[in-house]
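For reference, the structures are reproduced in the following blocks.
Below, chain A partners chain B and then partners chain C, in two separate complexes.
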Partner chain A sequence: MTNAVNASQSTSGSVSPRADPAGPVAEVEDLTVDFRLRGGILGRGGTLRAVRGVSLEIGERETLGLVGESGSGKSTTGRAMLRLVEPTAGSVRLDGEEITALGRGDLRLARRRMQMVFQDPYSSLDPAMVVGESIGEPLDVHESLSRSERSTRVGDLLEHVGLSATYAQRYPYEFSGGQRQRLAIARAIALNPRLLVCDEAVSALDVSTQNQILNLLEDLQAEFGLSYLFIAHDLAVVRHIAHRVAVMYLGEIVETAPTDRLFDRPAHPYTEALLSAVPVPNPRRQRERERIVLRGEVPDAANPPSGCAFHTRCPHVMDVCKVEAPPVVTAPGGGTVRCHLHT
Partner chain B sequence: MTEPLLVVEGLEVEFATDRGWVQVLDGVSFTVDRGETVGLVGESGSGKTVTSLTVLGLLPPESARITAGSIRLDGRELVGLPRRKMEALRGDELSMIFQEPMTSLDPAFRVGDQIAEVVRRHRGGSKRAAWARAVEVLSTVGIPHAERRARSYPHEFSGGMRQRVMIAMALSCEPKLVIADEPTTALDVTIQAQVLDLLRAMRDEFGTAVVFVTHDLGVVADICDRAVVMYAGQVVERAGVDALYEHPRHPYTEALLSAMPQLTARSGRLATIPGSTPPAGAMPAGCRFHPRCGHVVDACRDTAVAEHPLAEGGTSRCLRVSELALKGSA
Partner chain C sequence: MTATALDRREALAPPEPSARARFVRRFRRQKLALAALVYLVLVVLAAALAPLLATHDPLAQNLGSVLQQPGGGHILGTDDLGRDVFSRALYAGRVSLVAAAQAVGVAVVLGVIPGLIAGYAGRKVDAVIMRLTDALMSFPPLILAIAFVGVLGPSLTNAMFVIGVIFAPRFVRLVRGTVLSIREETFVEASRSIGTPTPRVILRHVLPNALSPLIVQISLTAAMAMLAEASLSFLGLGVQPPDASWGSMIERGFRYTATAPWLTVFPGLLIALTVLAFNILGDGLRDSLGREIRRGS
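Take a look at the complex of A and B:
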């Protein structure tokens, strides 16, 4: 079974350079991503800085949860790490190798080590192809296998994600949402990646199906040493799966922490508000719950506030917050926080 | 008239597939009162979206058909209503909010014009009056500087603001019933909470009733008065939310509640319901949930189970409903 996923390392292409074998699998430093806007409110173009100097690290067998405001740049961060969008500035290293500098050919090789699983399982499979073809596609691009080798590998992958090898001959419409998400994962792990970016990978699924997929991700991590960047709005899911969590607001990481510390003792006022807004799955307790209501509008990403980006909505705002951007400091109990309450 | 605002009764819907017509809804019944918010929850593929689309008259006519049942809105039968009449109802008395506002808003038009267009289609009146109404509803849903923002294009709004634009559009004609299919799934929880507050405010102000389709049992606990639980094309339980969470009366509901990951502490391995959803067209005999049920007895395997009305109100489609004491969420 193991060879289903491991074989890719020995067959073709260069072995990944690893500067420091004990170092992080992925290292992102000062990542910035700009989008050019066509026509703003007054018909002017402009630049939207979707990701503003993000730095993060993901270790081997580690799951980093990435949570935060809708539109804060979580997906863009994940996509830029894989260069599905081009970073404007900053550095992304995978096993010590700088990804941002790679030319086309080398990038293609690097991509086998990092894969993405999206929310919509429907979009990641070609409806006109039997699923065995879709899953085997990365193998065709990166490895030259005989027909029978390929079909064995595809069968092994299917069994790995809890599906029967015979499903290879079926079309996507014959699968349920949860099964399709398994297929998307099978495709993503086909080349034995080091890093999987899961972008809202379980949010379209019912609780039981979602849990099956989360258990599967944990099993794959234990077995193959995978690292995950796990982007999600569902904080209970993040608490379960993540070892550490990073919180984004308006293009910046405002807090990082070991998971328990983040949930039990949030340091940033935005994190605190976020946690207080999670509805409790019990109507009586939910009615008694106090939520921290964030006043004011979500700021325009193309025109971020001065000082601390959160100051326009922060319940604890002080004068200094309006003029001075807070530095990143060590947070009580571990991790980092970007807030003047802690400086 | 004492009938609830919406009465869905014995709804059966089939889809055309390679294997012929396949039934996807089997005897779906529920009601929604004026000003009431009813949650529609259940397994992926259980028929929540198909139920919503059927009520809205939006099933694809070539590939879907209603084979039985009745849908009454304010006493008027919607099944068999001519297309044009149904179109007139939608937006006027009945409207919808979908998960992804980007697919329902036209990127090429200013949001104010899109709302005004809906208003004019259903209410007539001048362009100027329709525009004024658009600005008014945008400000009702909490879009600041609505006068100016009405001139913006959809991509110039954040996800949460776009969702509010969708809600503004859905509410622009003060519908009696809004059907919202996963309207907050793509939003972070603070914006989700704002959207839920907004729906509550609309209910209080206009008496709007809402059918709220979602996987999120926290959202149901927060906003719904009652819930309808679906499994494999059938309604398996209906109950007020307090009762549903504390004393579920169907084993599927119990399994769903116990599988919820907790926010307060990391669980060990996450609970799942063993097995998988039966594919449409290949439903197990007896209770449709029996192959996956922890309380199954022999009788469950061969007796098709009807919905049992419960003394405390609501229904359960479980043969053993009177003898089982099921676990709720604490």
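Take a look at the complex of A and C:
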């Protein structure tokens, strides 16, 4: 990997990998998030259920990819896990500790262990502050360091993400998109968290920069034993970085699988359709392969279809799909799937 | 991915000027605003150094030489009690400037804090604060000031406090509006996700990013406060004799407009120029204090 990161490993003494505990780092069970819709002058608006009973697990040093089209609830799932939006129901555990039940003060402490990298590197850093201030903010909030300790830590962090420690006094507008995302990652790992939620962390970057950031994330994972929830809509990116993938449709997880199985033998018709939409970098194969084009639009989340949420667009739709929601079953080849074709 | 693409520890573009340096450069280009600033600095200096610059005791009456024309022993002539107009204008400038500063100070404190809270908290808190603000805004400013001063007793401090209260809603609205948009910025959510306490988020992230429009508004409000002070003093509800502000000097000289126009013209000119300068300065600041987020790349 990058010389920069390797070189900087020797300079950091402040952060060390953790011992392996047993069990998953993050466990989510039946997570549900409702948004209240604005009503008219009279009467209250309805509710929009953005996330419907999502369950997932992320192990130590594991990257779980979370994919789905816009509006499928993948970002909301990530944000609800960190309680940046309040979950309506369900349970989120981080190293066995129930996050949804924490009071204000405890939640603030728990934030040390779960951090987020946001999509837009242009708005995730405060333009009125030098970047050293932004990166050092987690340290200011959670640790009381002397001035010199603080600036040493900030310098270490900058070097860990492949930037020069001297950049601490620069303003965000002086950096490129990729550099800003490095800065955002530096801020997120400042407290040596257990879980990092990357919400479309590379979507706003161009392809060559994407690769650099993905490699940086992999290096940091190996070094600090991080677990990632990697939210993305770009399947190629997810294939590159994720160990397992969960596919969301209309607020539900329809399939989870080890990455290879998901891409080689998708079990859910929706996953199949998603994969067939990814262009193949070979013109002849691209022309010859069969494409599954979904009909229609994503249904209104405020008014979801009965039975299986996907039945309105599914090419294999059967009568049972319209009335009965499919149960979660083990998929052939590993993982789980939620489809009547497999029951 | 090639090694060269990876290894590059990306170099920054040639050092760009800091935000402050850029502001200074852009502000300098605005000759008029620069002139206004220079004028205001001179006025403030003149007021501050009044004891050194005054040629006469501003309160000393000389009934032997009343209503003298400008020139001679008195640069700007004398008033109906034989007091030196130039010296009085210097001291009156202190009163007028301090009064304006006081009103602006009250307006900022009473405006910015509720504005930050309303904008950041949203929902019910926002609704309550904004309805109160609307109610306050529905009063005609001068009439309200006169009523208050009538109750509290005529004094400049009372008058300016009331003026400050009356101007506060403009700050509430301005700050709330700015905060509403800043609150949605990712860097605010990023700070929350770190576990930053809300007051710290507001002070460290929201307020600094709301500062530019605030500075402009302060400048414009200073102009309005100065006019309000002049109006109230002209009506005898502000500064009390024998002290003078520019407004009360006009009031006193008003009766001699035909015979001794310099009694009204000079303080009037000072008010007009100072108000104009604050306005021009405000406009100039607005044009050079743009926020820059989407630069680079």
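The rule we apply is simple: the second predicted complex is superposed on the first by the 308 of 343 C-alpha atoms of A that agree within 3 Å, B and C clash if a C-alpha of one lies under 4 Å from a C-alpha of the other, contacts with A are read in each partner's own complex, and residues count from 1 in each chain.
Please note the rule applied: a residue touches a chain if its C-beta (ideal position, glycine included) is under 8 Å from a C-beta of that chain, and two chains touch if they have at least 3 such contacts.
This is a predicted model, so every value here is computed, not measured.
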(request) Considering only touches as defined above, state whether A:P281 meets chain B (first), chain C (second), both or neither. (result) first
(request) Give one of first, second, both or neither to describe whether A:G178 is in contact with chain B, with chain C, with both, or with none. (result) both
(message) Taking the superposition on A as described, I'd like to know which of chain B and chain C A:V323 touches: first, second, both or neither.
(response) neither
(request) Applying the touch criterion given at the start, work out whether A:N215 contacts chain B, chain C, both or neither, answering first, second, both or neither. (result) both
(request) Please work out whether A:D260 is in contact with chain B alone, chain C alone, both, or neither, and reply first, second, both or neither. (result) first
(message) Looking at A:A89 after the superposition, I want to know if it touches chain B, chain C, both of them or none. Which is it: first, second, both, neither?
(response) neither
(request) Could you tell me if A:A101 is touching chain B, chain C, both of them or neither one (first, second, both, neither)? (result) neither
(request) Scan A:M129 for contacts with chain B and chain C and give back first, second, both or neither. (result) second
(request) Name the residues of chain A shared by its contacts with chain B and its contacts with chain C. (result) 174, 176-179, 208, 211-212, 215
(request) Using the touch rule from the top, collect the residues of chain B that touch chain A in their complex. (result) 42-46, 144, 148-149, 151-153, 156, 158-161, 182, 185-193, 215-222, 241-242, 245-246, 255-257, 259-267, 269-273, 276-277, 279, 329-330
(request) Spell out the residues on chain A that touch chain C in their complex, using ranges where they run on. (result) 1-4, 82, 84, 107-109, 111-112, 115-116, 118-120, 122-129, 134, 137-138, 141-142, 162-164, 167, 170-179, 184, 187, 191, 208, 211-212, 215
(request) Spell out the part of chain A that touches chain B in their complex, as residue ranges. (result) 39-41, 67-72, 174, 176-179, 200, 203-212, 214-215, 218, 233-237, 239-240, 259-260, 263, 273-275, 277-286, 291, 293-294, 297-298, 301
(message) Looking at the complex, which residues from chain C come into contact with chain A?
(response) 1, 5-7, 9-10, 12-13, 16, 18-19, 185-187, 189-197, 200, 204-205, 208-209, 211, 291-297
